[in-house]
Amino acid sequence: DRPLVFISGPCQIESRDHAFRIAAFLKAEAEKAGVPFIFKSSYDKANRTSLKGRRGIGLDEGLKILTEVRSEFGCPVLTDIHDIEQARIAGKVVDIIQIPAFLCRQTDLLLAAGETGAVVNVKKGQFLAPWDMANVADKIASTGNERILLCDRGTSFGYNTLVSDFRGLPIMAETGYPIVFDATHSVQEPGGRGGSSGGKRDFAPALARAAVAVGVAAVFAEAHDDPDHAPSDGPNMLPLEWIAPLLRDLTALDRIAKDRSLAAAF
Amino acid sequence: DRPLVFISGPCQIESRDHAFRIAAFLKAEAEKAGVPFIFKSSYDKANRTSLKGRRGIGLDEGLKILTEVRSEFGCPVLTDIHDIEQARIAGKVVDIIQIPAFLCRQTDLLLAAGETGAVVNVKKGQFLAPWDMANVADKIASTGNERILLCDRGTSFGYNTLVSDFRGLPIMAETGYPIVFDATHSVQEPGGRGGSSGGKRDFAPALARAAVAVGVAAVFAEAHDDPDHAPSDGPNMLPLEWIAPLLRDLTALDRIAKDRSLAAAF
Amino acid sequence: DRPLVFISGPCQIESRDHAFRIAAFLKAEAEKAGVPFIFKSSYDKANRTSLKGRRGIGLDEGLKILTEVRSEFGCPVLTDIHDIEQARIAGKVVDIIQIPAFLCRQTDLLLAAGETGAVVNVKKGQFLAPWDMANVADKIASTGNERILLCDRGTSFGYNTLVSDFRGLPIMAETGYPIVFDATHSVQEPGGRGGSSGGKRDFAPALARAAVAVGVAAVFAEAHDDPDHAPSDGPNMLPLEWIAPLLRDLTALDRIAKDRSLAAAF
Amino acid sequence: DRPLVFISGPCQIESRDHAFRIAAFLKAEAEKAGVPFIFKSSYDKANRTSLKGRRGIGLDEGLKILTEVRSEFGCPVLTDIHDIEQARIAGKVVDIIQIPAFLCRQTDLLLAAGETGAVVNVKKGQFLAPWDMANVADKIASTGNERILLCDRGTSFGYNTLVSDFRGLPIMAETGYPIVFDATHSVQEPGGRGGSSGGKRDFAPALARAAVAVGVAAVFAEAHDDPDHAPSDGPNMLPLEWIAPLLRDLTALDRIAKDRSLAAAF
C-alpha cells in the first residue's frame, strides 16, 4: 500500500550523455510529482525482431554508465540480463536486474538472478497466464532471495498484438510480491512492422491509469526525447512532454486506489 | 466529460417485488454517491447456454414492471430486445433499449431499434474489434436516431473466457458516442460451467475502476441480493453490499479521469 | 464413415440465371469427382459489416430460385435463416436450413428451426468453444428433430482474424451429429476491410484438406465465377477453376481418413 | 516434395538403456512404414513449469548416449540447446540442433547455432506469427548456414492453451526452408496442471494428419513406453502402440498431399 513508484528511461543506453539527459529530466519530473524514481535502460537488445535492429552499447560500457547515473542522480538503476554470466556481473552493479519476458521460464537464469541478491524484476511471458508466475517467483525465491517484482507487459492476443488483462494484476499480487505494470511494452505490436516491432504509444497513458486504478506498486514506462528516431521501441516509447501530466494523473489515481475500503474483492 | 452514470439492476426481472426492492436499494446508494442511476433488467434471456436455463418473466409483464419502477423511483429504465417486434414494443416503453452482443451485427434489428427513437445501447460483440463498432453505430444512426451508447462487455480470448481490452474504450469513443463499460459481463466465463456460464465477480470492481480511470460515460454492473442463487448470471453479479464502496471508488476516480489535461493522448 | 459431401454455391443468390450457371458447374464437377453435392446460396445477408453491403434478392424470390435449382439439378438445397418467421417459411421449401454463427445461441430460432423438420446446419459461433455446441444441438433436438449438422467456420483469434482449431472437429463429433467444415468462411477476416470483411481464399484449400484428413462428413466452400467482384464474401470465395483439383484432393484424402484403424484416438 | 520424415523419441534421455529401447522400436516402425527416421531426445529440460520438474541427464552424458544411438541405429539424432556454449558443444556431435520456442528470438543463440554448421531446427515461439519466422531464419542464414528447419508447435490461444493454425505451414514454407509440424507439443496445455504442463495426446494424431494433408517435410511427435509416468511431457507424448497406425495414415496422406496439382493455391 505504499505510494506508486515510477520506473522509466530510454529503451537503450545510447550514450553516457543521452542517458544523463533523460535521467535528469525524469528524475526532476518524478520529484515534482512526489514519486520515487528508478532509472531503466538496456546495454544490449538481445532479441530484436530482425538482425538489422541495433543491439546496444554493450555490457561493460552500459554498466559503467548506469553506475554513474546512480551516483549522479541518487536513484536506483535497473537493467535487463540475458544469460547467467550477465546476471552475475550486472547483479553486482545495479539495484534491480530484470528477466525479459521471453526468458521468464529459463530456470538457470532465474536461479542465477536470485543468487545475486539484487532485486529481480521478472516480466510475465506473453505466453503465460498470470497464475503461472507463482512458479516463476518460486524458482527465484528458492535461492533465498525474495526481493522479487512481477511485471505485466501484455499477453499474446492473435498475431502481432498484445492485450493487457487487468485481472492479472490482482492474480499475480496473490503471491505477495509487488506488481509492476509495464505500460509501454504493453502497447507494443510485436513484429508488427515486418523487420521490427510496431506499437501505439497513444494507448500507454490510458493503460497506465487503468493499472494504477486497479492497484500496482509501480508503473514502468520507457521515455525518449525523440522516440520516432530511437534505435528501438520507438513506436511505443513516450515523448518527454507526456511525463508530467501522466505522473499527475497516476499519483492522483494511486491515492484513491490505495485508500480503498472494498475488502470483499480485489 | 459529464460525471459518471451507474446502470444496474438484477439480470432478470424475477418479480415485481424483487425488482422494486433492488431498484430501491440501488437508487438510494446512487443518490448517496451523487451518481445518476439507470435501472436495468431483462424480461427474457433469449440466448441461455442450455435449454435448462430460466428464460424470464416475458415481454408484457416485464415492461409493465419496468414502467412501474420508473414511476416509483424516478429513474430511467433499460432492457434488452431480441427481435424487431420486441424493439418496437419495448421502444415505446423504456428509455433505453439494448442490443445484445451476439446480435450487434443484425442489420434489421439495429434499424428497428433506431427507428423507435429510444436511446439505443449496443453491446460490442465478443467477436468484434472495437473499431468495428463504428459500422454498427452507423446502421442505427442511418435512421436519424443518434442517441446511441456503445458498450464493452469483453472480447473472446481463447475458449470460455473473455478479456477486457481497455484500448477499446478510447477507440470506440472516437465515434463521438458515449461509452459504457459492462463490468459484470466482462468477467463472465461463457459456457464455463457446461450447462451454464460461469464468472468471477471478484474481478468486476477492479475492471470497473480501470474503465473509469481510462474514461467512460457510464459503468454497467448487475447486482442481486442473493447472486449465488440467481436464475441467471449468478457467478458474475455483484452482491448489494459491494455497491456503496464501489460507487465511492468509481466517483473519486471519475473526477480525476475527467479532469485530465493530457491532451496529447487518450 | 460415409463418403464426403460437398456443399457449395455462391454466397448470395444474385439472379436465377447466375444461380443456375454456378449450380450446373458445381454439380457437374461433383459428379466427376463422385461426391454428393448440396447447393448453398443466401437470399439475404442480414449481418453485413456495414450498411453499404448488398443485402440480397429477398426471401420469396430466393426460395423460388432454390426450388427451381433443386428440380433442375436434382440436388438438395441449403439456405440460411435469420428469424423464426423465415425458419418456418424456408423450412417448408429447402432441404437444409442453416443457423448463422452469430445466431447459434438464440434459443427461439433454434427451436423454430428444429420444428420445421428440415435438416438444420448450425454454425459454431466464433465466440464458442467446440464443446459448447452440444448445448446448441440439444436445443434443436428437444423438438424431436435430430437431423442436425454441426459446422465449424472458425473461432475468434485476436481482432479481425479467425483461426481453425481442428481439435474442434472430433470434439463436436462426440455429439454423434455429422460435422461440416466451412473452408471459405474460416479464412474470412471479419471486418478486415473497414466497411466489409476481408479474407484469404488462398488458404481455403489447405484448410479443407486438413479438415478432411482429420475426418468430416462434409466440406462447405462457397464458389463464384468472379469472386473479386461478388457482392459479398468475395475475398474468401473460390474461383470455379479451383473446384476440380480441390475435389480430387479431398476425395483421395477422405478415402484414407475414413479407412483409419487408429481406434485409440480421434 | 520429398517423402515425409518422422522425428521422434522420448522427451528426455532417461538412461542409455531407455533411449536404446525406444530408438530401436521407433526405427523399426519407421522402416516398416518406409519413412526416414530421426531420433530426438533432450539432455536437459531448461524451462520446466516449476522447480520440481526433473531436469535431465546432463549435456555430457546426453551427447554420449545420442552418439551411441546414432551409430547403433544408423539414424540422425536431434537435441535442443539452451545457450551459446551448449550450441557449440552439441553442434559438433548431433546432426540437428534445436532452438526451443521460448528462445527463438535470442539473436546470439541463433547465430551460435548457425555457426556450428549443423542443421538447425527452430521452433516458432508460441508468441510469434508464422510470418515472423522469416526474420528468425535470416538470423541463422546470416552465418552462411542455410540448413534450417522451421517447426510449428502451436500458438498462444487464451491461457494455458495452444492452437495450431495450419495457415502457418504454407506461410512459413514461403521462406523456402522445410517445415516440421510438432504434433505432441501442439497439444500441450502449458502450465495447465499448476506445477507442470498438461496436454491432450488424443488430439495429436488428428493434428498430425491435418499437417500432412496441408503439406509438411516432417512430423515431430514424442513417444514413450509409459507416457503417464514419464518425467516430462507425459500428458502429450504418444504411447508406442500408436506409432504404427499413425505412420500408416501419415504416409498415405503424404503421398496424396505431395501429388497435388492445385497450382493456384497453397
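Order of writing sets the labels: A, B, C and D. Residues in every chain begin at 1.
Basically, contacts are C-beta pairs under 8 Å (C-beta built on N, C-alpha and C of every residue); 3 or more make two chains touch, one makes a residue touch a chain.
As the structure is a computational prediction, the values presented were derived from the model and not from experiment.
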Number of steps on the shortest touching-chain route linking chain B and chain D: 1
Repeat of interface C-D, chosen from B-D, A-B or A-C - more than half of residue-number contact pairs shared: A-B
Per Cα centroids, the chain farthest from chain C: A
Distance between the centres, which are taken as Cα means, of chain C and chain A, whole angstrom: 48
Geometric centre distance via CA averages, chain D-chain A, whole Å: 33
Distance between the centres, which are taken as Cα means, of chain B and chain A, whole angstrom: 35
Interface hub residues of chain C, defined as touching at least two other chains: 155, 157, 159
Interface residues, chain A side, partner chain B - complex: 155, 157, 163-167, 169-170, 187, 200-207, 209-215, 239, 241-242, 245-246, 248-249, 252-253, 256-257, 260-262, 264-266
Contact set on chain B toward chain D in their complex: 157-159, 161
Chain D-facing residues of chain A, complex: 46-51, 55, 82-84, 102-103, 105-108, 125-129, 131-132, 135, 138-139, 142, 155-156, 159-160, 190-191, 195
